[in-house]
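Okay, so chain A shows up in both of these, paired with chain B first and chain C after.
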Partner chain A sequence: MKLRQVLQQNKSMSQTRRRMRRRNNIDAWVLMLPMVIILYLFVWRPTVLGGVWSFFRMSGYSVGEFCGIDNYKMVLSHTQFMPMLWNTIQYVLWSLLIGFLPPLVIAIMVDEIVHFKSGFRVLIYLPTVIPGIAAMLMWYFMYYPDQTGLLNMLLSKIGVDPYLWLNDPKFAIIGIVIYSTWKAFPGTMLLYFAALQGVSSELYEAALIDGAGSFKRFWHVTRPGIEGLLLLNVVRQIISVFQVMEAPMAMTGGGPNGASTPLSLQLYRYGFNSGGKGTGQAMALGVIIFVILIVFTIFYFWLNRKVENRH
Partner chain B sequence: MKKFSEKQTGILSLSDLKTVKGKLLYWFFFAVLCLTCVITVFPAIWTVLTAFKDTQEIYEAFSIFPRDLSWNNIVRRVSESWNILQLSDEIVNTIVLSLGNLVFKIVVCGFGGYVLSKLKPTGTKLIFTLVVWTMMMPSQIRMVPNYISWLHFPFATDNGMGINLLDTYWPMWLGSGGDTFAVLLFKNAFDALSDSYVEAAKLDGCSNYGVFFKIMLPLAMPIIIYESIGVLSGAWSDFFTPLLVLDKNVVVPLRIYRLQGDSSTQMNTYFMALVFASIPPFLIFAIFQKRIMGGINIGGVKG
Partner chain C sequence: MFKTKKKSIWKAVATVTALVLICGCFVGCGKTVSDKDEQGRTMISVGSWPSSEGESLDKMNARKDRFEAANPDVVITPDTWAFERQTFYSKAAGGQLPTVYMAGFTEIPEIIGAKYSADLTNVLKKRGYDGKFNDAIVEVLSNDGKMMAFPTMAYILGLAYNVEMFEAAGLMEADGTPKQPKDWNEVVEFAVKIKEATGKPGLVLPTAGNSGGWIFTSIAWSFGVDFMEKNAEGRWQATFDTPEAVEALQFIKDLKWKYDVLPANTLVNGEEWYKQFATGNGAMTITAGDYPRRVIKYGMSADKVGMMATPAGPKRHVTLLGGEVLCVKRNATEDQIDAAIRWIETAYNYSLTDEYKKNAEASIESQLNEGRHVGIKSMSPWNVNTEALAWYHDYIDSKTNANINHVRLYNEFVANCPADVQPEEPVCAQELYAILDGCIQEVLTNKNADCATVISNANSDFQVNYLNNLL
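Now for the complex of A and B:
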């Protein structure tokens, strides 16, 4: 009798629990549904379709018949493909060379300073506040090849002839990278700054007592505290700079003579500036960019797991 | 130099600062930071000053400061440029766009992040893996397919039933909800909040929705405000998607981009347009400065 009662109770309890779990599941999915639908429509489906349609002949924005690897052949046999790939790699290399150290160095310095600390942070953050397109055009005029441009104006003050800046094929990519470093380093700087503040000052004290000098404290206390974040950021930077498009589009239009055209800008031209003839090639180029970057993406996730495990 | 006593031991310590070498290093840091401030601030100041010049002066004088920097001249230049540019429609459009972006970002990504973090229904793992993997994928691969689906929304290809979304704000609004970075940001923020809040509220008879709106949302306010600031100022900066989508009701960044190819605009008006375009994000920054500077701690995205 008693046993049966207990069993009965147990059964109804597990029933309510199951019902509650189902209720939870439904509620949860209702809350999550908008995200899943939008991600499906705007991210997952187009990514897959981009891959599939790259094997189809497109007429404008409608899908034609299967054509094998024709689109890829056309993209790869474009006379400018290799130069554009090299341009893209140059963007990445220059952005690592010019853009890696400044945020780190400035973050360390702001962290060490006691005078005017918050003032420095606000003033240095300024480029991030200016809207991207306004900042690009601002720099376009700073680089202006005659004396109305700020840089040539300053050069003329010290008696140097005006320089071509963005109109010089050798400088165009460097010029754009200098702009993007100027625009983006304050944000990265704040990220590093937060990480530096997370390094315990007790560790520094202990190192000081052990007689470690400034450089030794930097190398044995600061560096281990932030190197994971640094590495992750470098990989992220490689991935994002490889896709650079808006700055060359607004500042040089890819010129002079294609000297600053990255692959992404070419993809935009295939997709939207070819009178509908190049949409298939645009998607093929998208897949090519994807394949190149997937290596870095996998490396990023591997690294991320490693860094997280350490903490 | 009383302030030195506040110095916490870092790479430089208080005792270092008493030596000549340490002091030199400290003031070297200070000088470099001053120089950095000049580099970050000077281009903006130059833009503003050039906007106050007359066209003739820009082409002839080649000086940084305008000849006439009196209050009257500034007012004259501002009103003159405003009359030529007529930006008021674009400003209203950008505000509408940014508010829509905000609603979609918070509702779609916020709810999604919350469910992935706390409710974890069946299928969470699959969705989460998909979110993380698509986060790092180059967006170029989906640029053209996305454009095609905007032409016959919500269908991928033309079957005669879809709606054309071109020249509306929907591609930007919906796209703002499809931001995997934001989903992860919200998920991490909710992860940091203890599960015991949820359990306690449920024991008190609170529904799943009640838990979210009454307890989790207020607790997650810092991250929501941080994300909102980013969305609101982002709308003043992004010209690329509007370039593909908008034709008549353009937004400020697209208008600025189009000015570049428009040779009828005078140089000084052009510079004033850059200044006008920068004012709204500056206001947002000025109001939320403390939040933005402090928010970076929660802003780190983890995969």
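Now for the complex of A and C:
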């Protein structure tokens, strides 16, 4: 009898638990619904439709007949496709070379500062709050190739001839990457700074007692504490820089003679500057970039899981 | 208890937001848009409406009030969207274009090709427009003999110059008439003289944002270049891999490396171009007759603006024809087209109506108030015999705010044009301009660039990337 009562009790408890779980699920969906609708309208639907329409002949934004992989053929046989892909890779490589270390170095420096730490943090964060176009114009005028450019003014003070800066095809991408690094490093710096706060001060004290210098302290204490974040940022930086578009569009227009045109700028031109003739190609190029980036994204999630598991 | 209540509020907010979003998605579905309001009046929307408070908006609103009083069967809805290549095609596909919208001559072939403009022929015929438009312009705006847009402004390219820099180089007559370079060689001579006299570049040309290619096509035509032709199978062929095109590009290259008369910046888009010219960083430039409106914001006042004829090239004396039009959106009803033309007529008319005079006077007054140069008589969309044009030219003469001799040579060039007046290239014009931008940038940034190779690559790029893809 008792056993039956216990079983009955257990059954009703599990039913209640199931009911609560179901209710929680419904609550969660109700709360998520607005965001799901927004994501469907502005992210998932356009992404899927873009993929589907890349197989159709488009007239402006009106869908024409099915054309197989014609749009892909047009994109891949574009005489500038390979140079633009190489430009994009150069953006990524230069951004890793120029842009990867400064946020970390500055985060460590800010972490070491004893006085006015929060003041420095605000000052260093300023480039991020400057509107993008204003910042690009500022750098455009700093790079201006005649005597009125700020950098050339400085060069003239030390008796050096004016340099072409963004007008030099070999420097255009580097110049844009320097600007992008300046604009984006404070956000990353704050992430590193937060991670540095998590490194136990006892480990530093122990290292000091063991006679470790500043480099050894960094290598044996700081680095292991933030290396997960460092790895994730490398992948995030690759994904984000691969889609660079606004800076080359505003600062060089992709020139000189296409020397700084990345794939995303070409996608923009197909979509918005082709008089409606290139919409299909824009979607095909979008899919190509998507496929390239999805590889990095899968790698990013795999790495993220590894890092989370480790910590 | 409090927590449960808070949770319920959040759930209610989320449900309402979701419902609003879902309803938003279906708004307009199955709705038939009528061209009439409840009172039976024809509704039209008009684009390029001034968006900020000020003189322009006040004048436009006053024009609307007068129009609606004189045409009680029509109601105007202002729309501040102005033509942009970047947004046009998405708006057109979504049926969101204003009934009346402005566009440039460059875009008209694509707009007509995509069937985004209505056929105005019947209404124009009914309203007596036969023979009133300039024939050269009708040719650009027609498709199979049908008039697909209403021309409002036209221009041919000329040589603009900075009056003060010309004076400094001794290139002005005592009465304020500039010396006219007859051909490109003389342009170089002038530019060198100006550089010697002022230390500033004698010439500024656009090189980016498709503006460089646009200006280069007209220079290249004068060297005898034909950029494309339709072959026997009806397919377009790029035809500019020629010694003439190489010579034209060599001319541009020499301006930088042989004569050093160009500014240091070789990435000059449309905005940078006018800024450089207006701020004295280039004494001459090739541009359209409407350029005073573009340079006034950089402080180039009316007395510093000058304009003369386009110089001749070694093979041809030719200038480019451009302008602006008003289109009516493709699915407009016959009543809407009629109402749209009546609205357009209030500012652009062959007949000298009181309303036309009032609006033309208001437009000139605005230009004078802004300090813009008034005195350039641009090419007209109208036949020279129309009474409105004769009145308008006399009115400009009476209102000119600078020495008329500064622009006399251009006005004479427009009135009795000795050069061939050529419209822009018929297909893929913007794509061609973008490729030519690259050619110019290459020869201006690379002293050792081989013009023949650059032109040959450009010709092949244009064929493979664009002309081969045309249906």
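Operating definition for what follows: the second predicted complex is superposed on the first by the 275 of 311 C-alpha atoms of A that agree within 3 Å, B and C clash if a C-alpha of one lies under 4 Å from a C-alpha of the other, contacts with A are read in each partner's own complex, and residues count from 1 in each chain.
The criterion applied here is as follows: contacts are C-beta pairs under 8 Å (C-beta built on N, C-alpha and C of every residue); 3 or more make two chains touch, one makes a residue touch a chain.
Just so you know, these numbers come straight off a predicted model, no measurement behind them.
Participant: Return fit or clash for chain B versus chain C, each positioned on chain A through the superposition.
Facilitator: Clash - chain B and chain C, as placed by superposing on chain A, overlap.
Participant: Residues of chain A touched by chain B versus by chain C: which partner has the larger set?
Facilitator: So, of the two partners, B touches more residues of chain A.
Participant: Contacts for A:42 in the overlay, against chain B (first) and chain C (second): which applies, first, second, both or neither?
Facilitator: first
Participant: Now for A:121: first (chain B), second (chain C), both, or neither, which partner does it touch?
Facilitator: It touches chain B, and chain C stays clear.
Participant: Looking at A:250 after the superposition, I want to know if it touches chain B, chain C, both of them or none. Which is it: first, second, both, neither?
Facilitator: It touches chain B, and chain C stays clear.
Participant: Contact-wise, after the overlay, does A:137 reach chain B, chain C, both or neither (first, second, both, neither)?
Facilitator: So A:137 only meets chain B here.
Participant: Go through the superposed model and pick first if A:79 touches only chain B, second if only chain C, both, or neither.
Facilitator: A:79: touches chain C, not chain B.
Participant: For A:113 in the superposed arrangement: first (chain B), second (chain C), both or neither?
Facilitator: Touch partner of A:113: chain B, not chain C.
Participant: Which partner chains sit in contact with A:276 here, chain B, chain C, both or neither? Use first/second/both/neither.
Facilitator: After superposing on A, A:276 lies in contact with chain C but is clear of chain B.
Participant: Looking only at the overlay on chain A, choose which of 23-31, 113-121, 203-211 or 275-283 in chain B hits chain C.
Facilitator: Of the candidate stretches of chain B, chain C runs into 203-211.
Participant: Touching chain B in one complex and chain C in the other: list those residues of chain A.
Facilitator: The answer is residues 27, 31-32, 34, 38, 41, 61-62, 272, 279 of chain A.
Participant: Show me the residue ranges of chain A that touch chain B in the complex, using the header's touch definition.
Facilitator: Contacts found on chain A: 23-25, 27-29, 31-32, 34-36, 38-39, 41-47, 49-51, 53, 61-63, 105-106, 108-115, 118, 120-127, 129-134, 137-142, 147-148, 150, 153, 156, 182, 186, 190-191, 193-194, 201, 204-205, 208, 214, 217-218, 222, 239, 242-243, 245-246, 249-250, 264, 267-268, 271-272, 279, 282-283, 285-287, 289-290, 293, 297, 300-301, 304, 308.
Participant: Going by the contact rule set out above, which residues of chain C touch chain A in the complex?
Facilitator: Of all residues in chain C, those touching chain A are 7, 10-11, 14-15, 17-18, 21-22, 25, 85-87, 89-90, 92-94, 107, 110, 114, 116, 207-209, 263-267, 269, 428, 430-431, 434, 437-439, 441-442, 444-446, 457, 460-461, 464-465, 469-471.
Participant: Show me the residue ranges of chain B that touch chain A in the complex, using the header's touch definition.
Facilitator: Interface residues on chain B, with respect to chain A: 3-4, 6-13, 15-16, 22, 25-26, 29-30, 32-33, 36-37, 39-41, 43-44, 46-47, 50, 58-59, 62-64, 104, 107-109, 111-112, 114-116, 119-123, 127, 130-132, 134, 136-149, 151, 154, 156-158, 174-175, 177-178, 180, 183, 207-209, 212, 233, 236-240, 244, 252-253, 256-257, 260, 267, 270-271, 274, 277-278, 281-282, 285, 289, 292-293, 296-297, 299-300, 302-303.
Participant: Once bound in the complex, which stretches of chain A touch chain C?
Facilitator: Within the complex, chain A contacts chain C at residues 27, 30-34, 37-38, 41, 57, 59-62, 74, 77-80, 144-146, 162, 164, 166-169, 252-253, 255-258, 269, 272-277, 279.
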